[in-house]
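Each of the two complexes below includes chain A, the first together with chain B, the second together with chain C.
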Partner chain A sequence: MRKISLDKLDLLFAKIAENQSLYIPSDSVEGAKFTKWTNGTALTNELNTVRGIKDFFFPQSEDLMKFKMQGKNIEVIDIRDEHEDFVIFGARACDVRAMTVLDNVFLHAEPVDTYYKNRREHGIIMSLACTRPVETCFCGTFGIDAANPEGDIVCHKTDDALYMNAVSEKGTALLDSLSDITEDADTKAVDEQKALIKERMTKLPLAELTTDAFGGGKTEKFFDSPEWAKLSESCLGCGTCTFVCPTCQCYDIRDFKTNDGVVRYRCWDSCMYSQFTRMAHGNNRNSQKERFRQRFMHKLVYYPENNNGMFSCVGCGRCLAKCPIRMNIVKVMKALEGTDNGSN
Partner chain B sequence: MQEVMRDKLVAKAKELLTGGVVTRVLGWKRGEFCYDLTPGIFKSADELDKEFDFGDFAAPNLSKYLIDETRKEDGKVAVFMKPCDTYSFNQLLTEHRIDREKVYVIGVPCEGMIDNKKLSAAADGIKNVAVDYENVVVETLWDGNVTVPRESVLAERCLNCKSKKHVALDELVGYEDEITECNRFDEVARLEAMTPEERFEFWQGELSRCIRCNACRDVCPACTCEKCVFDNPSSGVESKAPSDSFEEKMFHIIRAFHVTGRCTDCGECSRVCPQNIPLHLLNRKFIKDINELWGEYQAGAEVGSRAPLVNYTFDDMEPSEAVERGDKNA
Partner chain C sequence: MAQINETLIPVVGVITDVRIDTPDIKTFRVVTPDGKKPFDHRPGQCAMLSVPGVGEAMFSITSSPTNTEFMEFSIKKCGCVTEWLHSAEVGQMITVRGPYGNPFPVDDVFAGHDMLFIAGGVGLAPLRSVINYCRHYRDKYGRIDIVYGSRSKDDLLDYKEIIEEWQTDENVHVHLTIDREQEGWDGHVGFVPNYVKELGFDTNKMAVLCGPPIMIKFTLQGLMDIGFDKTQIYTTLELRMKCGVGKCGRCNVGAKYVCKDGPVFRCDELDELPDEY
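Up next, the complex of A and B:
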């Protein structure tokens, strides 16, 4: 384990940024946001960023290729640019786990998504343990340890120093390259912090929430639950919950006509939208209730069914904080759980 | 801090339900935390007792839900409305979107709603809140009680409240109040005073944060098209994400134009934007322009009024009087 005192944090950032782009969570009008570090970019005091780190690997909208038409010839132009080396500093445990959720979809199933893969290969994640979780945090529900995030380099920030522990090859190489400004450290301060975090996690209002009622094989149990109608009754069908979610992964591929050809791009899509997966015969989910059900069944039942029990919610709490009508996965879980044990 | 408390509203709702005046009640449902109220329908006294809530976080404007709700079944629905919500309701009536006969409007006085985003920024880890006229005392997870001035966490639209008077009503619970003086155009005037370049930069900065979740449109009581042009695959402008910065601005500019003269300035768009974009400023600019060019006009102040932009009178101003050709500030 290495450490650097907090007053030298800028030195650390500068050193990392010498060889690759560095992004750190910094305050902005929208809230905390991963910002490309340049001299003077300050680390936020906010717990987490408005949006997760998903955007770095799976951006909201990206051009895939171009077609240029000349007479009868079509030229296919490769416009890929996902080869930038970059480091993300300060990702939280929930958001790092969200990358595993996305990896299962984009990397561990055929066909491999090479756009995503390239970015994953070029990105290094320095995660940061959470000492001040907020009321909407429920990562623990999904077995995520906020005191021990995953990532390439795991960091703990105490009052006076930043402790760094490399846990992957990429991480080790990066940390080695920082050896002349960091020093060796024992684990005492980090162990103390871990204990504090563990204790705090038990005091969160959602600490008792479990996934016991959910998982693969529960489709029939929940699909026709009368709760869906109530839960979705005031859902606006906007895509806020989807677009702020670090694990939502659906996209659409579109062609955009330009003067001399076509740009093919993809952009995030939301199962909450009426035109989602629209087919020749129309849409297979015609009511907001069906669309709403899809989002939560996917996270709580279908995804775990196809991914060895792993859920595709990481408890980051963003949908709790951002839904315009304040409906969210916790309310859904509690309502369905209620029908499950007959207490409702 | 609300003068009229939850229990009084529950009692009123029960009375209307059991008396057979209405078959259901549209109100706010209690959530996980003290602040997360969700709009919902109540059909029994039992549901009201268990789930109904009202207080400083009853921000959602319920009027738009009445479009679907009044189509669903016969029988009246009772709805709770804050003063600003009743302007949206009137505007929907003006546009024939709601069958007035099927609605029973219960007016609720309002002391201003707290903005969750501001509150979360002011205090981390909110366990509970106690609100009085001066202060909000937040019981936090790790910092004990944190006291913040109530004004610092009030919603923008409440700080600039345009009216505390209900303009549509079947019954009022609590006291009657008046149209208020406010400074809601100050910020617009500040933008007007900028150079075109500065203003472009301001909006570019704001709108470039948009993630096109469409929450602003979906919550807007003036956006009630059965199929929005931006959702229509055959329209040629459908898009799910801003593919470029032009497209991104186009969505907002078209939307703002489309609600001009119909936007009541209810503030819902800015309230729901997950990216903190001050959308109300766009619409307020149009309201201010209408006021200045055609005379004071408040959408939703009464039912059936003809907005200046859809009305023609002989003394309407000519376009050339409004803007001079080539005016760089236009």
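Up next, the complex of A and C:
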């Protein structure tokens, strides 16, 4: 384990940014967001960013290919370039786990999504333990340890120093390159902090929430629950929950006409939108109730069924904070659990 | 052009023939610019066709895999991409990617069996691939019955091929029906589900079913009424798709993705899915 005193944090950032782009959570008028570090970019005091780190690997919009069109002729142009190397500093445990959720879809389920893979291979994640979890946090529900996040380099920030522990090959290489400005450290301060975080996690209002009722094979149990109608009654279908969600991965593919051809791009989409499944002969999810149900059934039942029980929620709490009608996955879980009376 | 090994990036296809089948269905023949079949496929698999600038959509490959020269798609005019295609002329380039999805189990489950194909309207498009595959490997299958219905005689897809080739084959029995009486039609009149029950097939065979959702529902019931088990009946589903590889989320029903885990399903497998297809 290495450490650097906090008053040298800018030196650390500068050193990392010498060889690759560095992004750190910084304040903006829109709230905290990952910002490319330049001299003077300050680390936010907010617990987490408005959006997770998904954007770095699966951006809201990305060009896939181009077409040159001439008369009846078409030429397909592969525009994929090797992505630049980059480092994300300060990713929280929930958001780092969210990458595993996305990896299962884009990397581990055939065929591999090469656009995602390209970014993933060139990104290094320096995660940061959460010393001040807030009342919307429930990562523990999904087995995530806020005191000990995943990532390439795991960081703990105490009152006077940043402690860094490399846990992957990429992380080790990066940390080695910082050896002349960091110093060896024992684990005492970090261990103390971990114990403190663990204690704080148990006192959170959602600490008791469990996934026991959910998982693969529960479709029949929950699909026709009367709760869906009640839960979705006020849903506006705005899709905010899906856009701030670090694990939502539905996308659209669209074409954009340019001066000399067509660019095909993909962009985030939402199963909450009425057009999402609409086709010429009808729509298999006509009502907002059906669309609402799809989102939560996917996170709590369908995804775990296909991914060895892992849930497609990381308890980051963003949907709790952002939904305009104050609906969220916690309310859904509690309502459905209530119907789980052991009859099945 | 460099070989592109990426599932979302298509290859270029050229339309070399356009056949007008019905007032709203045309069949397009597609090859690569150097005159080859774009890729190999199995009966029941699909391909993403696109017109850059207009959009991309999933279609069943209606030609049989035994046709190694070209690919054919029977397409009904019903949206942006299909309307554009219907206005396309021979020589027009489009893009193609695939094949996607699981095929019908023609070489194992179906082999050695009598076959019953039931189609409604443009639902014949995915079945034509299987029917012609079974006709090609004639010795591997027993008696073949084909029940095909449409709104009117003008709406029957592949009519020439049915009359001139399928009907003249030994041990292939074609049963056509149209929804309403029509001048010049002396064949059967009535809906497919009822016709299937009237024909009363023996149940020692495998059935393949495709058509509008309502027709599938009633025909499936009809087949079960005459003694078929759901494990003997296969169908192919159609939902909105964008990626074709089980990632974009559109065709997700239960834990399945129709593009990847389907589109071919055995009817008892459908019972395990929520009723959202």
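What we mean here is this: the second predicted complex is superposed on the first by the 337 of 344 C-alpha atoms of A that agree within 3 Å, B and C clash if a C-alpha of one lies under 4 Å from a C-alpha of the other, contacts with A are read in each partner's own complex, and residues count from 1 in each chain.
We adopt the following convention: a residue touches a chain if its C-beta (ideal position, glycine included) is under 8 Å from a C-beta of that chain, and two chains touch if they have at least 3 such contacts.
Note that the coordinates shown come from a computational prediction; the quantities given were computed from them, not determined experimentally.
Enquirer: With the two complexes superposed on chain A, say which partner A:76 touches: chain B (first), chain C (second), both, or neither.
Expert: second
Enquirer: Given the touch rule stated above, what does A:252 touch, chain B (first), chain C (second), both, or neither?
Expert: both
Enquirer: In the overlaid three-chain picture, which partner chain does A:278 touch, first (chain B) or second (chain C), both, or neither?
Expert: Touch status of A:278: both partners.
Enquirer: Is A:306 touching anything from chain B or chain C once the two structures are fitted on A? First, second, both or neither.
Expert: second
Enquirer: Which holds for A:10: it touches chain B only (first), chain C only (second), both, or neither?
Expert: Neither partner.
Enquirer: Could you tell me if A:236 is touching chain B, chain C, both of them or neither one (first, second, both, neither)?
Expert: It touches chain B, and chain C stays clear.
Enquirer: Using the superposition on chain A described above, determine whether A:268 touches chain B (first), chain C (second), both, or neither.
Expert: A:268: touches chain B, not chain C.
Enquirer: Examine A:103 and indicate which partner it touches, taking first as chain B and second as chain C; both and neither are also allowed.
Expert: The answer is neither, since A:103 touches no partner chain.
Enquirer: Would you mind listing the overlap between the chain B footprint and the chain C footprint on chain A?
Expert: 252, 254, 269, 278
Enquirer: Can you tell me which positions in chain A touch chain C when the two form their complex?
Expert: 64-65, 67, 69, 72-76, 78, 80, 105-106, 109, 111, 113-115, 216, 219, 223, 249-255, 257, 261-262, 264, 266, 269, 271, 276-282, 284-285, 290, 294, 297-298, 301-302, 305-306
Enquirer: State the interface residues of chain C toward chain A in the complex, per the touch definition above.
Expert: Touching chain A: residues 1-2, 4, 6-12, 52-56, 78-79, 82, 89, 91-95, 212-213, 238-240, 242-243, 245-250, 252-255, 272-274, 276-277 of chain C.
Enquirer: Along chain A, where are the residues that touch chain B in the complex?
Expert: Within the complex, chain A contacts chain B at residues 29-31, 47, 50-51, 60-61, 132-136, 200, 203-206, 230, 233-234, 236-240, 242-244, 252, 254, 256, 265, 267-270, 273-275, 278, 320-322, 324-328, 330-331, 334.
Enquirer: Can you list the residues on chain B that touch chain A in the complex?
Expert: 31-33, 36-41, 60, 65, 116-117, 120-121, 124-127, 141-142, 205-206, 209, 211-215, 217-219, 231, 233, 238-243, 271-272, 274-277
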